[in-house]
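Below you'll find the structure I mean.
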Amino acid sequence: MTKAPIRTVCKVDLDRPAEEQPYLHNRWHPDIPVAGTIKDGETVKIECMDWTGGQIKNDDCADDVRFVDLTKVHYLSGPFEIEGAQPGDLLLVEIVDVQPLEERPWGFTGIFDRRNGGGFLDEIYPSAAKAIWDFEGIYCTSRHIPGVKFAGLIHPGILGCAPSAEVLERWNKREGELIAQNKLDRDVAMPPEPMSVHAGSADARLKDRIGREGARTIPGRPEHGGNCDIKNLSRGSKVYLPVHVPGAKFSVGDLHFSQGDGEISFCGAIEMAGVITVNFRVVKNGVANLGLKSPIYIPGPVEPQFGPGRYIYFEGFSVDEEGKQHYMDVTVAYRQTTLRAIEYLRRFGYSDYQSYLLLSCAPVQGHVAGIVDIPNACTTLGLPMDIFDFDISPAAAEAAGVRRRDMGRCAFETGKTEGDVRNVAGRYAETSFGGGLTYLKK
Amino acid sequence: MTKAPIRTVCKVDLDRPAEEQPYLHNRWHPDIPVAGTIKDGETVKIECMDWTGGQIKNDDCADDVRFVDLTKVHYLSGPFEIEGAQPGDLLLVEIVDVQPLEERPWGFTGIFDRRNGGGFLDEIYPSAAKAIWDFEGIYCTSRHIPGVKFAGLIHPGILGCAPSAEVLERWNKREGELIAQNKLDRDVAMPPEPMSVHAGSADARLKDRIGREGARTIPGRPEHGGNCDIKNLSRGSKVYLPVHVPGAKFSVGDLHFSQGDGEISFCGAIEMAGVITVNFRVVKNGVANLGLKSPIYIPGPVEPQFGPGRYIYFEGFSVDEEGKQHYMDVTVAYRQTTLRAIEYLRRFGYSDYQSYLLLSCAPVQGHVAGIVDIPNACTTLGLPMDIFDFDISPAAAEAAGVRRRDMGRCAFETGKTEGDVRNVAGRYAETSFGGGLTYLKK
Amino acid sequence: MTKAPIRTVCKVDLDRPAEEQPYLHNRWHPDIPVAGTIKDGETVKIECMDWTGGQIKNDDCADDVRFVDLTKVHYLSGPFEIEGAQPGDLLLVEIVDVQPLEERPWGFTGIFDRRNGGGFLDEIYPSAAKAIWDFEGIYCTSRHIPGVKFAGLIHPGILGCAPSAEVLERWNKREGELIAQNKLDRDVAMPPEPMSVHAGSADARLKDRIGREGARTIPGRPEHGGNCDIKNLSRGSKVYLPVHVPGAKFSVGDLHFSQGDGEISFCGAIEMAGVITVNFRVVKNGVANLGLKSPIYIPGPVEPQFGPGRYIYFEGFSVDEEGKQHYMDVTVAYRQTTLRAIEYLRRFGYSDYQSYLLLSCAPVQGHVAGIVDIPNACTTLGLPMDIFDFDISPAAAEAAGVRRRDMGRCAFETGKTEGDVRNVAGRYAETSFGGGLTYLKK
Amino acid sequence: MTKAPIRTVCKVDLDRPAEEQPYLHNRWHPDIPVAGTIKDGETVKIECMDWTGGQIKNDDCADDVRFVDLTKVHYLSGPFEIEGAQPGDLLLVEIVDVQPLEERPWGFTGIFDRRNGGGFLDEIYPSAAKAIWDFEGIYCTSRHIPGVKFAGLIHPGILGCAPSAEVLERWNKREGELIAQNKLDRDVAMPPEPMSVHAGSADARLKDRIGREGARTIPGRPEHGGNCDIKNLSRGSKVYLPVHVPGAKFSVGDLHFSQGDGEISFCGAIEMAGVITVNFRVVKNGVANLGLKSPIYIPGPVEPQFGPGRYIYFEGFSVDEEGKQHYMDVTVAYRQTTLRAIEYLRRFGYSDYQSYLLLSCAPVQGHVAGIVDIPNACTTLGLPMDIFDFDISPAAAEAAGVRRRDMGRCAFETGKTEGDVRNVAGRYAETSFGGGLTYLKK
């Protein structure tokens, strides 16, 4: 018996504002109207906007990134009702494909300005920057970061089922407490925000309530996954998602052509509009039967494979760039590890901003290596050598001397000179480890 | 021309206290006497004690772990002078083999008591426990954790060159500041400690000075690596180590038959006495030429390979087990991730302590997944299914129902009943996420 | 500067006979009119018919396979002129993607009747049979072979540049000699054949000449590659093809969603209509500079990966199923190896015809293991366990006893009963090795 | 309970002739006296001589290879009685380790003279040659083939259970028939040979009978495996061997540090003396239950991994070097494929003999690609680029021009000049494909 063709349950319109499209939404809330119904066992295609809803252009200027409207992001496709799903079940989602939209064969990686979004290294690299990536089949390249080409480990940044009212209340409570206690000079979490709320086909009254109650989509959260930004939750993966409301109300979006562990520049994956093909299966009583408090997944068999010996691994520890010792802080250690990789890539002509973009989106491996040897956490970052079209191995660098290449530049804000952005890196270079040793200054 | 046999530059005596063996030491200090001289380009074998210097026995009681003398650990082999190495050079160390000592075909993984060493999850699992692992060729098995067998990703936990006086002073200063500011109810770093110092063949006066000044070996440190506990710095790896003193003064020890990312139970690798075969090459001016502030390495080609689709990945976020929201804290997120794996393994009959031991030493992949989506850091832990001799996949569990097996027990302190140790886990299970949802309680 | 979209240089019409479409041809000849011109450095999309030109239907009857018209096959897309290519150059073809046509999300694997095409095991399995495969993203499944699902190692079966008149003459001569000397009871090669010749847009006179002179497309040939049917010449691969005529005249077709080493049932890959995206670059004087007499290629990084320990390997030797000893004959050894795998799969309920189809199209590894130990060549075949949705490992089979499942049946010719086709296998089972041992008969 | 140490059931004496050591034998026969008894479930260590019994020396002259006594080879360790094994059972042998003998850290690869042994390419490369390999941990290097270094995929060339009288008779009959019908100008099989027979501790009378009846050890055979020379039957593998006599009478030998698919130069692996650690388990009635006519195996998880994109694949077809077309002959195709790789390596300064040796022992992948497209079988050979310490990729060769290096020479017979051996290759180069094209001659 011939198999029926795969149904597309959501189409997006790249030429229309995301906030006008009824199958999209940008909050987590149990009452967002259902965008469609899918059978238990069915495979469907779901189109998605890029996470900025189309704010970023394919050009050589990063003004769009500098002034991106961060209240108008994370437009998710859905929510979809999965027939038969009940709270306490698991929704088994098999991601059988993710592709860019055929009419949009490009994506972007951005560094947000520290005053508008920021990122993992924004104290050191505060300026907005951008790289456009062109897709050709499994590969991508960028005119803004020459010398690299790699196969996408393509995946959705966000997928999850809607929270129940109880779960939503818990989120708002615990994140509200964090905000209330915040003494840092930056946002630490994002409370419900009525501005720019998009609740699909909700009427004005419901939309208003969702604006006041709905959880923001930025963080992943343990109860449902959400924006977990996991690079190998890619094609072929099976993910088990806890169900909190009848019908599950599944949403998905924020597709990535590729991403490195940590997605460090925040808009750090190769963000794209695309289509995801997924199969759904309801696992009755799965939460209790499998004992799950957070999603689990099994990756597919088609990750790009470089061979273990084709990575350069950088080490980092929880001593920050001012030389201060932190106690077992993996976040600090991973920041140092990324800085070590950026410094290494300078040798080949890349600017720090190019490397920051590259480490965000290329398939780098970020590992928690040692987490018990007080006071230093140790992390490692594996950079695949085979994404470069020249030899970046230490052996080659050492043998031949390093020849700095002309690597051009990534896109910056209007009026920003290369000097402006290089100076910051320069200062950082001089001061790291609070002085440095004589033989480090050569 | 026939090649000369490989020279063994250090032999250890398993029947003699480590502190009496002149080629061992347990502090980092520039003035520890040289234990031998190695040519630039030479390959040598170096024997090493296990990191406790032989305190742990092959038996079924964890009293040795409970009362381990933590001032008498980390006996390193060396330091070795590498001819021609000068400050500012890099020492390229190729690890061509690591093997257990033939007469000692077993190792151990320990959970330290919270009052004596502790570990990553010691608030939840405060008791001492132990698993003995038997080695058969590339594989290990444990009578204390039945149902698993895996190939070792064998590696040294510690290797590095001696600090210069300047580097040592910096270490003592920054770690001293952390200790001075400590408000936690636990040690946050370990200052120089004269007790049980072992400085190789140093005379009493020098030994005394090294006791007062020498850096402890517990933490890895950015300037030289040291106790970085990196699981894939294994056979075939090439590691580039900064040189800080004339002759480099290279030391190595703390060999691991296997380890998981994070080595979470502290004594968490499969600790063993063994022999490491290494080749040394001096890279002149390498620190400046390669721009290195911390070691880098390239793994070898022989890591055990399971295929991407043979891992179960657990997700964790920076919300702790009391339900408290932390800001971008990868350490908290990784703790949650490990707890999710422990909970999953309960279904198959493993006690939490067995799983805690297993996740410490089996080749689990711990990744920094998302580190920019405020307020939640997200980490993942990949558990290879093929180390179990039964099917632990969610599909199998779901299809067949989970059959709890009799998994015996790991070794505990004398007088500790199974109830004692299970109760803790029980309490934790009830209270996690500060209450939990109705359908989580089933 | 924004990149131009990728040009489609050839579209096929699935509803129109292949022989009427001017961009297709089914002979190798230097004078087939050019179907389009491509720049050196350009990336293009090329659509292709399935190799039978649409003769096989998505149904449950193999009459179409039984009576397939083998003079009307191998419709290739092209030939394309690559600007600047000259004899003695190499054409570097990078395969950046291969996909099924969106409107045709299925393919087929066929066993040809011994009287019409045959296959590697046609003496044992003489009947026509068929399996239809449905595509969902990276995966395929078949209602005719239940219990398996795998990711495609997608690739073109045929690609190459046109022969020169000199090369063509050589082919016709050497293959003609083989035909002239043939004493076997079967075709050993296929001479030029005027019937059903399709020469693209050639006029009647040229077409007539091409019919008389043109080389058949069935065999791969050393000088240009052609129908080499290499499973890992897949997405991301770079292949270097010798150029024999000005403009190279590149053609491609016979796309496969997946194939096993050997493609043993002849129509053994999962045959499909699809689109291939390729980049072309001319390597001047490459034939001499690289010393190439046949194509070489470098695979891409995205092969499905199962882990070495997830294969069952079968061994076979050059002793045939009648017990006759052959001298170092790898062909005989590989036939035995495939038979061993078929026998093994019987235990799980698969009919021999289902397994014959499956081994042809699933990503099985066929190795030349030992080729020097007279008189026995030894080959191995690695069958990935993870393509099955139940455990086929010998350990599981042994532990649980093998439970024969109801595996349904593949499609057969009208009127063929299960008994008809099973009987053959049955006879073979009794007689293999010319008698067998007592304990083999249990 | 502490585990007992692993028992060594066979020690070899490198300083004593193999034929004098009672635990060795060099024929397959059911009546060779048992060399020891092993329990069902036991793990033991078994030492083995190299397959020539020590005839080859670590020097720079190949006279030992030229005049090797081929009646005095394949000394196997055993046979061992496995308690409880009966005809019809399977013996599950898990290879948990293979290591060189510590006192013999080197091995050799040889090309036999065409008049004394020969090899796969002996018509083209008729002279004896040799390369000595030095072992350092997981790696090997050779002074006779500079520029390469690789990790061993270490394995036994030969393992199997003794034939029953019935099986032995079958072997002698079918191989005898081949010999009787032989019209080739070379040996096609080796009949029982009384000269130099070694039957362990057999008395003179039994030894005499074994000499007359015993099967030679050169070929692998379907009924028991034997000399199958399978490169990934390596550490961690589980192999299921049919049992033909009570007690199984298991023998093993011919250890290889590494081997390429085909082991083309006959003495083509890196041959070594060593020790294998194996676990035995009897699978009752396994032959019938699993339906096995030949051994099967599951490889271990620790093969050296290079990443799919780190191989250069060469293609070959069944057209021989004289330009003659063969019908579906995989043996001819694989010969061509190996020649293509040898030609490619010339560009980098390697002599054909060096490459012939290298392709025999390095972990090259030899695949049966297409076996149904009459008249041409197609095979591929994947050469890992990462075993070379310089870049051999076509991209690098093309970009930089190929710089011929001084690669020295492998060891030849006394009096053989470089010219002597190069001339042969030279003639072959001129004449291949029976003339060649103009642009191939540049």
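Letters A, B, C and D name the chains as they come in the text, with residue numbers starting at 1 for each one.
Basically, a contact is a pair of C-beta atoms (placed from the backbone, for glycine too) under 8 Å apart; a residue touches a chain by one contact, two chains touch by 3 or more.
Per UniProt, the chains are A, B, C, D = Formamidase.
Because the structure is predicted, anything quoted here is derived from the model rather than measured.
Engineer: Note down the smallest number of touching-chain steps it takes to go from subunit B (Formamidase) to subunit D (Formamidase).
Structural biologist: Contact-graph shortest path, subunit B (Formamidase) to subunit D (Formamidase), evaluates to 1.
Engineer: With centres defined as the mean of C-alpha atoms, identify the chain lying farthest from subunit A (Formamidase).
Structural biologist: D
Engineer: Using Cα averages as centroids, what's the distance between subunit A (Formamidase) and subunit D (Formamidase) in whole Å?
Structural biologist: Inter-chain centre distance comes to 50 Å.
Engineer: Which integer distance in Å separates the CA centroid of subunit C (Formamidase) from that of subunit D (Formamidase)?
Structural biologist: Result: the chain centres lie 30 Å from each other.
Engineer: How far is the middle of subunit A (Formamidase) from the middle of subunit C (Formamidase), if each middle is the mean of its Cα atoms, in Å?
Structural biologist: That gives a centre separation of 40 Å.
Engineer: Subunit D (Formamidase): which residues touch two or more other chains?
Structural biologist: 236, 300-303, 305-309, 386
Engineer: Touching subunit C (Formamidase) in the complex: which residues of subunit B (Formamidase)?
Structural biologist: Subunit B (Formamidase) residues touching subunit C (Formamidase): 305-310, 386, 391.
Engineer: Could you list, by residue number, the parts of subunit B (Formamidase) that touch subunit A (Formamidase) in their complex?
Structural biologist: Its residues touching subunit A (Formamidase) are 87-88, 119-120, 164, 166-167, 170, 174-175, 177-178, 182, 184, 187-190, 218-222, 225, 227-233, 236, 238, 240, 244, 261-266, 268, 283, 285-303, 307-309, 311-317, 319, 323-331, 334, 336, 340, 343-344, 346-347, 365-380, 382, 393-395, 397-398, 401-402, 432-433, 437, 439-440, 442.
Engineer: Quick one: in the complex, what on subunit D (Formamidase) touches subunit B (Formamidase)?
Structural biologist: By the definition above, subunit D (Formamidase) touches subunit B (Formamidase) via 1-3, 5-6, 43, 58-60, 95-97, 105-106, 132, 134, 136-139, 143, 151, 235-236, 277, 279, 300-306, 386.
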